[in-house]
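Each chain carries a letter (A, B, C, D and E) given by its place in the written order, and its residues are counted from 1.
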């Protein structure tokens, strides 16, 4: 709209000599607008951003691999066994929740303090006390991860985990899970170099400013070369605007996928799904198998 | 055809001054058509789409690695052993079938309800009952996968699987299988950002619209620069049309490879092949070895 | 040559007005030839093709990793032990041979029927009988792979393979080997989308056709802008031809590396080398170690 | 500023004929400035640099995976057990410290000699003596890594590590850790080929020099084509300058991320964090588990 | 220099009408020089070459991972134990040496025959005899690799390697090591398709030839458009020459990194370093641990 207003100003409120100057300026802008290599730079930049975004999606931590192992390899349908499996699973979910709180604004809003984490059942009061008692000047999201290892090792000693092969598979899987978490943290911590983003944005906006002035329909009576048509609405400039702005929008939308926009990853949903599903798998479904019978292709 | 009709209109039904205006418009369009960076944008976009498509192909879940392990490591040629191997194999196939139902329209049409899944022999009635009894607001395609783990763990306890090393190799392989499945699901769930596709499509169609008007053979008598030839058929514009439209078609065809087109992955065939082959490998072929003899290069 | 003939026709057999028309056509072609974005499209296409080709090379199945394990971990220098190792190794080679027959025309010509496979010593008569007896509507290249697993598992039961750790390493390695095979099969089965290849070829040939007409040396007397030199041989057009055709040739040569050209992978040589070397390693070299002695840097 | 000064010189201190020559030179420069393919070359170069930079970030060695395993699998809360875990962990940190000293100038400044390493508690005096006694003409950063292996193996013999499965998981993890370290070393050792960097820098600076002369606002009275406007400040040239210089700056800033700039990786912080956190995890947190209790979703 | 001579010829030794023809030729060349897409093709080609080069660097075989395992897991400080570890380590180094001899001209010059390999202490006389006695029409670089496996397996039987877990970790690591070796061999065996290199070189040299003729400063009196300045030295053409030639030089320098140039990988140094360091680690350092003591952060 603003753009449009500006157009009308140019057309009706300039005196003759101002007009002449403006026309020369316009031709000058038009000439140089094409020297700004917007397409190419946007192409490289958007490719970089899309790759980062997809890698973040692929590295979202899902506890399915761990719940599968815990459900299969931690023995005992008694209360102690159930508690063991549930606690291990809770630590897994807690690890990712602590990372998500640093990474995603939506999750941070939902769990602004550790009290909310305790309140939502990801942590018990006793665990929180021990967590707070650990003195460290650094972030402590790795704590539940160490608890997991020690608890699994204790379960192995008590015979709840049959042998070291079972134990190590679980620890390895937990290490993988944590690597996904830290990769997310890494993507959040070290973004695309700011100067790169600035350069691209500068290029796009300079280009539009140049177009705004340079793509006026000039007074056709002056006989400027290539300016013998007056359409009132600079249709192609508008299209180019939509086009480049759309492309830049792709980048802006994907550069931080852990915000609160509609297109961002639904991390809060993930957190709920993961806790619900993983507790179901390791508790209710543990050794709760359908009766084995012949399938319909038997012989 | 429509294009062609449009050309004739322009030539024969416009009056003189309309013609002049149209000619100016045409030159204007021709000039700006070249400023739309169609090639470059299409290049980046098609590369992205082709990579996604190939990754989806590479991540199609094949049960061959699992059937190989189950056939080798789950012991017993009696009915219980056979049933065990067949059931494990069925769970593997069921896991991928449930994912395919979400991902592929062709598979969904074939198995619109769980009844069809049961009817095709991928699930028994009893299994379905347990499946339905699990209360969860989330998708439940991971359920047979947990059954697999628990059944394998039970087989280990009963001595059908010799030791934890054998068991863990199987569980690891199953985890890999499931990761392929979820990656497919992920590709389906989070597509290429819509705005990217829109930008590309907008660019291509704008370009054609501009060409349609801009590449007319103008009245050669008017002496417009570079417009002194009248060929009736704008051969190069048509070729460019085929060219860009063809490239865009590459992208459109590959962007969802799980549809029902001829070029899409034949997921229904995969499902049948996998079930048939894997049951054959774990049942009929289990410990059914050819007699070992000296080969022809012996000494 | 044909091109050259065409040039002379244009120069000497056209009448005046035909010449004038032809000259206008030529200028028109020249103008549009440059709008076909051959370079860019070829760049993306050739990059895609070169990547596929290199991945196929990297995934050629070599049995060296397996022969190393079998030679080290399958015990016994008696005839049964030797036969066991040789048979396992033969199954490995047979798996890749069956894949190569589907993928490579050169290998298919050498082994047109299963009789040739038996004749070359990759399969015994008895194995072939069992192979043929398996009823399946699908390809059966996975059969020797299942035999391998069952035979290894049997060897473990008989104590020829010490324990499950040794066995599982072998099975894992075999699974890797088979994955290479299936990746080759995948590359053969799902090629680059045909429409992509067509678009590129269309672009290149259209470009040449446009150049053929557009890059004539026109009658210098007519004073066409930029056409005041007559060299008889259009040297730069020829160079451009060599250049683009050469680049397209890169793609054509690499798109199917399993043919019979000189530059294709020598699959038949691979097959022979693999069988010869792997039998040598598992049989003659098994536990045939050089006497250990102090090396020259001892102390 | 210098640029600006230069502009004024040209305008006011040149005589008439010098001015004419300068104007011709200017037009000549302007014409060729556009032939230098700065954008494209910068695009490829920056992509290469950004990829290297991100890979270095991803391969920063974090001891979290190892501290998790050591905390879980090295037994004993007595002094010997504690010392064992702390020593293993120290060797891990020492390995990466020695690499960081070669790679990062900031770390080298903090630890210029081995005395500083001993002083900061990463090495004991006795260890240093043994380290110095090893005679080798090559770098010795691998020494603590071999100590780790031997110490872990000794712990296994003494029963502090339960069995070979636990031991091997640890050794494998240590090998991974060291691979990250050597990859960092490799990135430092073999940089981007110098001639590539030179070519890019040459291109950018040549381009600016050409612009400096070529983009003057010439005397509008001379009627040079496209030079009929005099703005005093060459706004678009300045923008292009910011644009390309900004892009080149992205590369320069990322090409060595282990320096002392604000944007470089904070390696000194990493070293401190890793030591503090890993000692905490393997000592204070070892088998110091929160009491297990029912979570709030129990039944 | 030659170029410069050529320039002066053109200027002073041509008669009037020859000059006129030459000027037309020059304008023609200048026009078409810009149609050769040198930048783009060089960009794709250099990217391909740089990737191959870096992959080769990353896959250089370092024995550090293996020496770490052998030092930790092969028991016994007596002479037999020492000999065992040293011999295993020698086989590792021998495997890579044999590959390097095929791949690197520098290494081949240093070890032209197997006698030199024996002389340098990588092989004993007895080993060489067995090596020569193996009848195979194919390369035999895999032989020490099979010896390694069999010797390790023998050590396991004799109790020098505690159990199969230790053994298999070592065999796996050796398999990885050999894969690096064969990848290097693969890069050497199957280069970038020759036609690709030819196309790129052709493009660059054609471009220069066209520039040589096309970028002359023509007689300014003839009033050719854009040729009204005579600088004697074609500064921008020289810069473009340095620029493209520099870029092509990047490729030429990296295409075979195993030569004898200064910038090539120092394979001979690698070979020496690897042998010296690995023998030190497995022999002198085996179980030669610093006394464990409290670190300075204890409590």
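Just so we're on the same page, a contact is a pair of C-beta atoms (placed from the backbone, for glycine too) under 8 Å apart; a residue touches a chain by one contact, two chains touch by 3 or more.
This structure is a prediction, so every number in the text was calculated from the model and none was measured.
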Query: Chain by chain, through touching neighbours only, how many steps does the shortest route from chain C to chain E take?
result: 1
- request: Call it same or different for chain A and chain B: same when shared residue numbers make up over half of all numbers used at their interface.
  value: different
Task: Just give me the whole-number Å value for how far the CA centre of chain B lies from that of chain C.
output: 24
- line: In whole angstrom, the CA-centroid distance of chain A from chain C equals 38
Query: Using the touch rule from the top of the page, what residues of chain E touch 2 or more other chains?
result: 40, 43, 163, 165
Message: Using the definition of touching given at the top, classify the network of chains in this structure as line, ring, star, complete or other.
response: ring
Query: Beginning the circuit at chain A and going via chain B, which chains come one after another?
result: A, B, C, E, D
Field: chain A - residues contacting chain D, complex
entry: 24-25, 27-29, 31-32, 35-37, 40-41, 43-44, 48, 83-84, 86-87, 90, 121, 124, 126-127, 129-130, 134, 136-138, 142-143, 145-147, 149-154, 163-165, 167-168, 171-172, 174-175, 178-179, 182-183, 186, 190, 193, 195-196, 198-199, 202-203, 206, 210, 275, 279
Query: Which positions of chain C touch chain E when the two form their complex?
result: 34, 39-40, 43, 46-47, 50, 57-58, 62, 64-65, 67-69, 71-73, 162-163, 165-166, 169, 173, 226, 228-229, 231, 236, 239-240, 242-243, 246-247, 249-250, 253-254, 263, 265, 273, 276-277, 280-281, 284-298
